[in-house]
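So that you can tell them apart, the chains are marked A, B, C and D in the order they are listed, and the count of residues begins at 1 in each.
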């Protein structure tokens, strides 16, 4: 069913090839608009941009090794209600998966959307990227350097940093749920960039555009498995370390000790969808006397209060939907390893419900389905 | 909340009694619900698991609308309703007067424990020296003479079993609240005169009876006896039949002349039994056979003693009487050697098995053999024990045992991880109810339960404590198989006391002892004003009993209404409470010191200080369980002008039902009053560490205080209701429902898609029991058409509906395309179904192949004359009981029997062959099956894997069937082949369900809220289902269901306004992200998304305050009144503060 | 094998019909078979036999030895849920087989007939005479051997009534037997 | 107490000891037995196999004879087969309204008529219900202490008519046996069929039945029976069956009244114990021990006086 076409790559520049493809989509009227990461004129900033004029595609660069926000949030805002026509969105796999979660939570709609993904080779932290781009001169060259380094086995480390921990632990680097996805892994760019259709919609589009079919590059499967093995090994190490670091309440309090209740992680989190977080509502608007009572009881009270409570609550609410994009850690001013904690807990909660966040729109969120006989290990089979 | 004039008595507080009582109570009538047993729940008390969920779920019967009027906890633990007076251990002993104005006499059996004072601490049990078999566990365990009749009741009160009690008085002495009174003095005043010429007899009786606490006098001759009697003061005479000189009968006659009310029991040897029986005709109450069994003799005297004392008799007036006395399980010990029951300990009845398996049973739920506690590896179920057996006067099928056994077998499999081998020995597996067939197949296919079509003759001893069954399988092979346990699927019988009840009510009974009812009704007896409910009417499972109970309540309601009850209110709905919404919270606590007992166990001063520190006003009271104690508490609370009240007492459940009165008395809405259990921390046996008890009590109280301080003082809103009903479908179910509601004075719109009323009734000419559907149709349609409250809309369709319970707006489209909008409070969907058109067996290829309906029609029109026929073949289960139509249509076997008997009656020579899979002659239909067999109809069983083959050639039909018993093909050349094709739901059901926001099941029948407990309701409140659109059923069954549905509808229509519960969910729209997780999570369908206003809307009447929405909402945009986050946080703080 | 049922109500009444009438209500539940101590020796189980009676399979019924093996223990009758007189029906089958001469079971038949003849003659059983005649009627010189040891034992104990056969005078119950035949012939 | 006495053919021949002991024991218990003059055979199992009417006319003749004597008494029948045949007259005529007339038409040949006024009672019924264990106990002079007895009821006194005992788990013999001072063997076979009906015609099948019973009776000193066919069947083939099973299955098989007679101290000759094939050593030994003990005691008592 999956069909692969090859996009011509000139000058060994896959970014250009992508821009060409997007241009075709817009010019041939297949879409109303395209949401894509684009270099802004200022200081190497790369931001999701909604483009309607094909001429404005010059800076489009979805392969830039950075994503300052998880664009799922933006797509959710775009699609909450029906609109005219069709929009294509170019997203990283973790963005697609986050968006799928939001669709299930009625925060966005899959309809009227063409989702274009790509093999994700990882991204640097926002600040690190600025150094990386600056070193390369401009954003476009930086992207090409990064891709070559990554695909040709030279690695992604640069000076004293590398792609984010989240990316290093990410095993979902292939955009399986996208309608169309660009397959960088295992590709020989000289022979064209493979574009795979994963859905009937994607297939139809390939057909309409008259793109010739091609075969999956011979080395792809191996390349994917290699990367998967690296990522999984890294991930499992991370799980073990994080679990050890948070194995009791005291350790957890020290793990989260630097948290200042800025709530940046929550703002950056693509699946934290509440219009207003409960932690900013009257629920946590404690009476002044309450602080004194708490303080009296223990003799000393750390302020602000409710930091651990905040993270635990967010874990309770969102860990089943966590896609591990790492934006929480990216956003933390105090370098609290939020992503590591979330992914570690999420691995447990999602396993418990036999659920994988972002896998499919069809899969119901765990808390909205009721199964009579679950958690035997907890209930011991008792009613 | 009683708001109507009129009241009813419901006899029997099992499922059906409770359902009937609730139905009437919810409608606003006063109900007295009595039961002979000391606890409620009937048979269901003992059953932990019920088909098809293999769970309980009884609580689903509790009111949804106006739920604050009733208890809201596990119904197996007990219940209350404002309009229901519940009297346990009470019997109906007298009825006088006429319908609408019966004078009834009730007799209460004293339990010797004051339930108001008993706190369930079990101190009495620890000192009681007597141990007897516990009937709750079907005799598999023992209990004391003071015991809990139902161990899981809440609140639970001990009772004394007077037959077992040795009257040592220890329990009286240790009871901390003085709740026990053994009435030892009364017994001493009961004088028994023993008359026998043999000294040894007199002496031993005297000894036994004096041991039992009675006063005994003796006489050695008739003359002496009469002399002693003449001195008076004698309560009971035990009289020998055969004495020298004046014999027993003569003494009896003289004695009765002297004291006409004297209770006399004869004593006789076997040889003079006939004389003793004669003596009963001249006034003796009973006789005892020599040699005496001391236990039986004492029991008899105790029994007479209690009857004679006439303790607690009470008389009052009721308008209607509903008999819901349930059924008795056939007792295998009552018939000679039924399957070695009582010979082998490992032969148990299905109820005993149920207890054996129960977590509260003898082995805590482990499957162990009763005899030697060995692990059970193989279990056999024997069906039809006491049913379908002419020897036992049971020419009927008990209807429930097949499913019961399958359920038990499944549970055995589940409990043992599939390790236990389960075999069911049966004649016909009667899986005739909704979804029963699939349940059976699941048991067979997925769980490996063995179904063996063979009736076992007897149970014999096998190897190693096992039991051996010898049986022949369907192919004639003999087997001798050992089982660890044999479960007898005992059938239903009229309950004990039916004879007396029948006599009391003057109602005739069937030969098997069930109450006779009127044509086309299961609830109306020939005696006006007396109705039968549930399984008491005979042979029903829970679902049908619940339906039947609704039908009985409906019949009673109709009578009460005719008496002028329904529309006239007698009390106000809601008392006026103080408006405290603008006042700052001021909490007062009244703490019961339990007459100083608690004050000794805990430091009340410290507790009061703690609460005062939280800003509470604290009062100490004594014995809040007594009227005076509570009045005193009310007085101080009233004076304090507090706007929140905390009661610290024992057993909060007891106070739940008193809260409304309490609230009225202090002018505070009951939801602002909280009861905290401060007794349990000081229970005997929990240690006497005063500091611990103080800490625990303080903790419990400060938690409750915190919750009260944070409570939102806005009272629940009352909601106006539209008192008009919409009934969709003009068949017999729809017409019955419409008439039922209209008879109660409410407007009804009856919508029928075709051009005439009547539905399937147009195609039926006879019923199996000889009544005329045509006459029924004529009468019903006429009544509907001329009823002033019914608007009939023919050739009309429902195209749209919106709103919620009490306020629906529905649009109709008439034949010409004109639209009409109707506002209504409830909707009843009765859109029916029809006979399926067969796709198989050559139907349509030849005129000689017809359906059962077609045959009936052709016979009626004379197109087919029985006299011209030589041979007729009928095939059952055509296209049904296999996928995709894998359900039993329930009526086809009856139809086949009806038509076969008709043919045989009109032409005894005609050969009739019925090819069947399982004859679904459930209930009393069994007798027609017997009749048909006797009339010479030949029944040939076939299996799905070897269905009959039909060939047609030149208009002639040949049918070939494999007889499984002889393993031979039988070739038949009938003149007529009749196909029983079953029922399919009406093709509009699906669409209509969508319009009303309800669902259909995979077969297209309406999906009820809950198969057993809410069979006529949808999950969507205010929408009801009845008739064959819900599931296949007979005319009378459809009508009963229609009545039950009307009755549920009436509970809503009977009010102008209604109250939501005090605990309901709310949405804080400003926080809501519209993720709709709460809609998915709501088990009551009480929430929906309003796309236009982009908000989540709650149906306050349907919301039951379970809190699932609040739990699933991440940012508390969905909250539960009374349980907001802040309240819970401060409760946690309060709890932690005291315990750390 | 296929069973053809005869269509048509107007044929001569099936001799089996009277027995069939009694067990029409049988629903093949198998209770009888489960209790039958001798079912192992039977060619058809009682459950099958009653089915055959319902279907009128006369030839095969009389070719079977099932009913001859009934020892009249009445267990089946006791627990038949339909209350059918099964043991009596077994006897009726024996009767019918004897009357129609369809006896596969020569021994049984001869014994019964000899026995009743003995009663007709003497009013009471005269065992020596009965046994002598029975063995003669079997015309099998070896059969008596099976009984000889018991016969001898009984004789030794003086348990066999040795009254001499009264071969020539009229039988004691001649009149009664005659009348029975007359009444039975009438119906 | 007065009863018509119908012994039946077996009790004149093969079961003389049953007849003798019944008469002796009933006399000891104070019951009068009135002979039915000119009684004839009940038809046994042959009657039913040949003619339905004859099978009823034969027993009815005997009932009619009893009726003729105008004594108000039940008819005591020790033989289970006779009992059932006689009982059938009442049961069948009740079921079929015209049957009694037909039977009487036959009986008219002998100038007799039956009206079903004489109640047919099995010996065990009379012992268990009319006389009772207590009365029996009172007559015991030589308790059968240490003797284990398997109560064997057979079929036809229990089935098909449920008159005085459970037809499948009978117990009526137990109190009687206990009253004699003996021990009841707990076993499940009391109501099983011994196959006697097939012994002449289907010998292998019948032997199999007896074999099952004898094996189950292991541990008993004696099987007590109340039916001549059962007794003979269990009594006569023990050697053969022991050979078949390669196990000595010999056990005494006595009629219940014989055992009662022993306990009542009646002479063995009166009870015709010499006619039982299987009056086996175990029981004989115990009986003589009991007798010696009793005699010794008597002597002792005598010398004291």
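What we mean here is this: a contact is a pair of C-beta atoms (placed from the backbone, for glycine too) under 8 Å apart; a residue touches a chain by one contact, two chains touch by 3 or more.
Remember, predicted model here, so these are calculated numbers, not experimental data.
Between C-D and A-B, more C-beta contact pairs join the chains of C-D.
On a Cα centroid basis, the chain most remote from subunit C in this structure is A.
With each centre defined as the average position of its C-alpha atoms, the distance from subunit A to subunit D rounds to 96 Å.
Spacing of subunit C relative to subunit D, judged by their CA centroids, is 24 angstrom. For this pair, subunit A with subunit C, the centres built from the Cα atoms lie 92 Å apart.
Rounded to whole angstrom, the centroid-to-centroid distance between subunit A and subunit B, based on C-alpha atoms, equals 56 Å.
The multi-chain contact residues of subunit B, meaning those touching 2 or more other chains, are 458.
Those residues of subunit D in touch with two or more other chains are numbered 167-168. Counting partner chains per residue, subunit C has residues 75 touching two or more of them.
If you sketch which chains touch which, the pattern fits none of the simple shapes: not an open path, not a single ring, not a star, and not all-to-all. According to the touch criterion at the top of this document, the contacting chain pairs are A-B, B-C, B-D, C-D. For subunit C in complex with subunit B, the residues that touch the partner chain are 1-5, 7-10, 24-35, 39-40, 44-45, 47-48, 51-52, 54-55, 75-76, 79-83.
Those residues of subunit C lying in contact with subunit D across their complex are 37-38, 41, 68-75, 77-78, 85, 87-88, 91-92, 94-95, 98, 105, 107-108, 111-113, 115-116, 119, 123-125, 127, 134, 146-147, 150, 153-154, 157-161, 172-173, 175-180, 183-184.
Subunit B makes touch with subunit A in their complex at residues 53, 55, 359, 1070-1077, 1080-1081, 1112, 1114-1117, 1124-1126, 1129, 1133, 1137, 1140. Within the complex formed with subunit D, the subunit B residues making contact are 270-271, 291, 336-337, 340, 343, 458, 460-461.
Within the complex, the subunit B residues that touch subunit C are 384, 388-391, 427, 453-458, 469-472, 476, 478, 870-871, 909-911, 929-930, 933-936, 938-939, 941, 960, 963, 965-966, 968-973.
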